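So, here's a batch of structures to check.
In the two complexes below, chain A is the common chain; its partner is chain B in one and chain C in the other.
For the complex of A and B:
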């Protein structure tokens, strides 16, 4: 349950190879944080720094205000949960969970109490005498979690804990894990490559790229008010348009979009954007509105005419690709029971003002900025 | 360019039946998705076609030739695994040329071919990189390039994108389907994800416990599932067992109206996405007042757990929308859910 603070933490392996680069953030007491990012972004290194397996080259990590290098790893009360279930194959579930308390030299009666309480916590009382080889992946991971918690861990470090689990049981497992963490008032830091897992389970998410923390905020913030182009791109799906701020009015700005034709959109002002700035406009694919092109229409502000390239039914949703007249293709995610569009049909695409996010153009090209490799 | 046919294929290991009398016909040039739980059948089908798993009974044909007893290397198939299976200390080019080199094939023409394929899979600047230095997506592309260069007519993809980041997965599933179509290859792709199967496949086969349950185009499988398993596997669902009488049934004191079902015992599948959640009543059939207990943000979807009449728990899934920007404030609030009768799926027990 500690508060953990990263102060200007870098881990440098060789000159110029920074596995993590100047990390500054705080994980609050009782918080569930997920770290997301492309492979090699530094999320696992961050977890290893927390565990004490590696030390920062620069900066320090404070554990309730005390620099961690002054605290023995054993005293940090950390539990590490891996994708590959670090449990003993020759011990049954009960003995795996009892292992930590036993090694700590606890009294037999305490070992039994703690073990039974943790088996109950993860719902494995009925399977306590099963051996790992007869458990499915989810029960193996439940055993792993009970085992680290029985050692008295207050901070859980989870490295792809659901990586080996069937897709269909992951949602159930997420609920269980979150319940345990909140019930025991643990602090949890969870590394995953599955965005929806991070979204579902976390109070806040940290998106990392090339060793840097790009943004750290709540799941809803990423969806409705992303702070950076990369996080808007990496979490969920957005379409991006490059443009220039041409007019600055009292409450709105006009942005001229780069395309075959000149088109502009209006959106509310943003203190960090100035007239003449090159900008990138981002819109989530769920937020576009689309309708058949009426026979007579006046093109209102933030409306575009286009032709449907494809409209794919995907069960829980549809994906509609539209070629806009000004030379851009975009993709819209819609409810699967909405109107079906024929290939080639003319449509009107509306971008609601609240859906528009404006970012300053990156110093590198937009393609490079969005690259995930 | 190859058609594939499984005729009454059964695979047994000891007393375990891995595939149970499976018959499946895949047309030349088709892209087929196999859906099912782990060990439910899809991976075994791929291994049987590749000749990596012995069959107990039945026959396998490739291009109408019986290959049941042929060696894997004589079947012209490329197998793409989740774990990439590349040599880490060889370059992209050497990984791709490994097979032809071992077989003693003249490398001058093969190398030119390999370079063309490398550019098709967008690795042209990486041909000299060691495969261990590549990202997961690039390693998977290398594997596909290796299969194409080896002359495979059939690509078997076993959960190929499972280990990849969501962003890479999105790109790859489009790209690889396009590439397979462009080259006229036949592809069979196993996955646990409905969207991946629906997006890439011409037809989908759904398996459970070694049995092929349904094989049809994606929209039909989704909208007209043959049984409760298929209905529930294709989309996250609420599932109940009920007695239908006079076209209605009761769950926990809540009465639901359906249309066109005879009296009897049924399994009900109501997909989470088919439940409509509103703040005001719409005064439609099957509408109930409810309390919102829990809200989970899943990214493109929001999941609500609601309770009707203090007793019936229903999960509702909704596509993200602008209007839900303050959704967390709804926890504990009163709302309304309605269930369209035509979207309630009933299957006789």
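For the complex of A and C:
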């Protein structure tokens, strides 16, 4: 069972289009990794590079230290699960699952044993003589998973495996998939654009943008310590403020935000940030606290005054839009049982210190940095 | 048990070895080489011959001591006749074809499937049988004349009959093509134009037609080339006139090789430049459509007028295409037991089965030859065509070669088949490589050339529509390239391959022009029909024609079944 290492891997299509750009990361044995990112970010290309269906232009992929560029997909011992299933329409479920063992030249008795065992694993033994056209999406994907496992693959490559499934069935399917992967001690690389799916299922998440790996770390890291503006933006929802570091104290820094009015914000120090640096402050939308503006209010640190523009109920959540006095509009996510604000009422928005993330200003503009296309 | 497992394992390993890149590329080079030598080499060789013998050939044609340039003048006349006919046929086909194709593509009505099938019927009639049928209908006292109580045929053999014959056999191809083209235009876009207030005619003129422009032009090219290259029907309809393909046959029969070569080259060059030009030009030039006449177009879009128009078009279709194409069947019924002269002596039954010259036996021989040739041609062309199509769609490493190959594949489509047949004879026969003398194998070689595009083009289409992720699934599940092709791609393309095979088969069964040049003493059924008509055994000719129509019709039905699966 391998440890897979990407070493300076780039895939360049003709006129200088870098589908993936200088990837360097390691997938450890038995890990469940999700690759997340906007469409066109290179996540599927990464998966196809792993499968051998395409070859890197530069760099190499090492499996337990051995480069695999020249190994064809049929010799790689991987299982590729397709978004649109790619279940062979001219073969029934049984024959689809038996395909791998057959083309690997196994003995007839072994083929039967393996096929039946894997049909049982995904719960399709009753439907083994059905043809693909009479199966629903979930059963098709179950066939797809049984089919790759029957080849004996220890590494699963899942290309949006739930992308074509109904919303309601996805959660159940996630559980099934995770159970199988952990039970068989497989390594799985799962491409998805659904962040909650990624959060729910993976040991680590890799966020990609424009062919580059922005961050690869555990789901909780994204919540509490995103390393890049883009990953803070892409996983969950955040509001961002641009500003300049004006004071640098022993435990806190003071940042002056850009706006009609200057306000300061205090937060923990960060070794990479120096006085005078231009920075971006990110706050996750559910971490803002909001309360009616008290009478005779004296300005406090990390508090802003504003007026409610709208307060809408969105099912489990409530989304409150507040126009801050210094000229910014905030979107705040609250639980739906919290206090309801009338349009136009004055409020105080509090930012808890531990919710504040400070990033260095990007070289491109903040809008470009946050762009997801 | 273990030995069977062992054999299987060895076979898979064998496929794995064959799947290696160098071996695969070697195989692909062989496929391209075969395409080159079977399909492209004959016309190229013909060109080379003309160039090397330029002086002696031109002397024969332009400066003959006795005939002066009369040979050239008669060639010029035949070429001019061919082009005139092709041009008019193209215009009639498009004018009649567009309304019919539009109705078939856009409206649902009772009996649509039946009409759709009726339109396709003439496709099943081989051109020499169809030519004979048209001759009977328009040109003999037993045809239309009988119903309007005229003594003789309405038209005598010559340009008018040629025109009617060519419309009859090319029309179905054009409608089929146009229907596909119109279906590809998104109906929602037409609906958008309707909701914006445009009457149906304006919608067609300003929206559908410009969007389907290239397809319509391709349809026109199809009509033109089909007419230009046709030999079998023309032979029966031309009388004393000669179209260019017929003249090639005449030259060949008189063993006037240089003249035949020269005329073939002229036809090949004109066809290719014309088509190349039209294709280039078609992309750049828009159809005239900027002005809209709302009042006028609304009036002629009115339901009543539209219905009248469709009625007239349908009537013309019946009169020009369907009835003439199938008339031979009624004729055969008429002359089955009592012949045209009113006696049993020239009835179809007597002539074919009882007469002393034993036509039934020679007909059987011709039929066997036809089927043999068609079968061999189909098998060879599919085994060359499938890898070629796969290569063109799925092998990026051929790069620029693919563009060249892709164009080269269509070349036999535009060359009149008698010119192709002559080129094949000149290359392989006793004047060229001396490998094969006229007869069944030379027929096979000739048929290989013009059926090649018919087997490759649809295959390219099927492979392009094949979802490549099935192939990728096969590979990632551990199957080698070749194993994946055998276990996944091939079974999934089965329908496409079968319908491609039947198309190739019917094309080969129906061909006359090239066969006439290369057949030696062998006879195929279409040629046999021409022979019978020329010896004025009309009843037996009708019998042979109906036999051929029947076989082709069955094959056409099979194609329709294969192409339109009834499952969900």
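Quick note on the criterion: the second predicted complex is superposed on the first by the 366 of 373 C-alpha atoms of A that agree within 3 Å, B and C clash if a C-alpha of one lies under 4 Å from a C-alpha of the other, contacts with A are read in each partner's own complex, and residues count from 1 in each chain.
Basically, a contact is a pair of C-beta atoms (placed from the backbone, for glycine too) under 8 Å apart; a residue touches a chain by one contact, two chains touch by 3 or more.
What you are looking at is a predicted structure, and each value in this text was computed from that prediction instead of being measured.
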Contacts of A:346 with chain B and chain C, given as first, second, both or neither: neither
Contacts of A:287 with chain B and chain C, given as first, second, both or neither: first
Which of chain B and chain C A:108 touches, first, second, both or neither: second
First, second, both or neither for A:167, with chain B first and chain C second: first
Contacts of A:195 with chain B and chain C, given as first, second, both or neither: first
Partner chain(s) touched by A:84 [first = chain B, second = chain C, both, neither]: second
In the complex, chain A residues that touch chain C: 51-53, 72-76, 78-80, 82, 84, 86-90, 99-100, 102-109, 133, 147-148, 151, 157
Chain A contact footprint on chain C (complex, rising order): 1-2, 4-5, 8-9, 12-13, 467, 469-470, 472-480, 483-484, 487-488, 491-492, 494, 567-568
Interfacial residue positions of chain B with respect to chain A in the complex: 37-38, 135-138, 164-168, 170, 192-195, 198-199, 218-219, 222, 233-236, 271, 273, 296-301, 303, 317, 319-322, 325, 327-328
Chain B contact footprint on chain A (complex, rising order): 38-40, 166-168, 171, 193-196, 199-200, 219-220, 223-224, 233-237, 284, 286-287, 312-317, 319, 333-336, 352, 354-355, 372-373
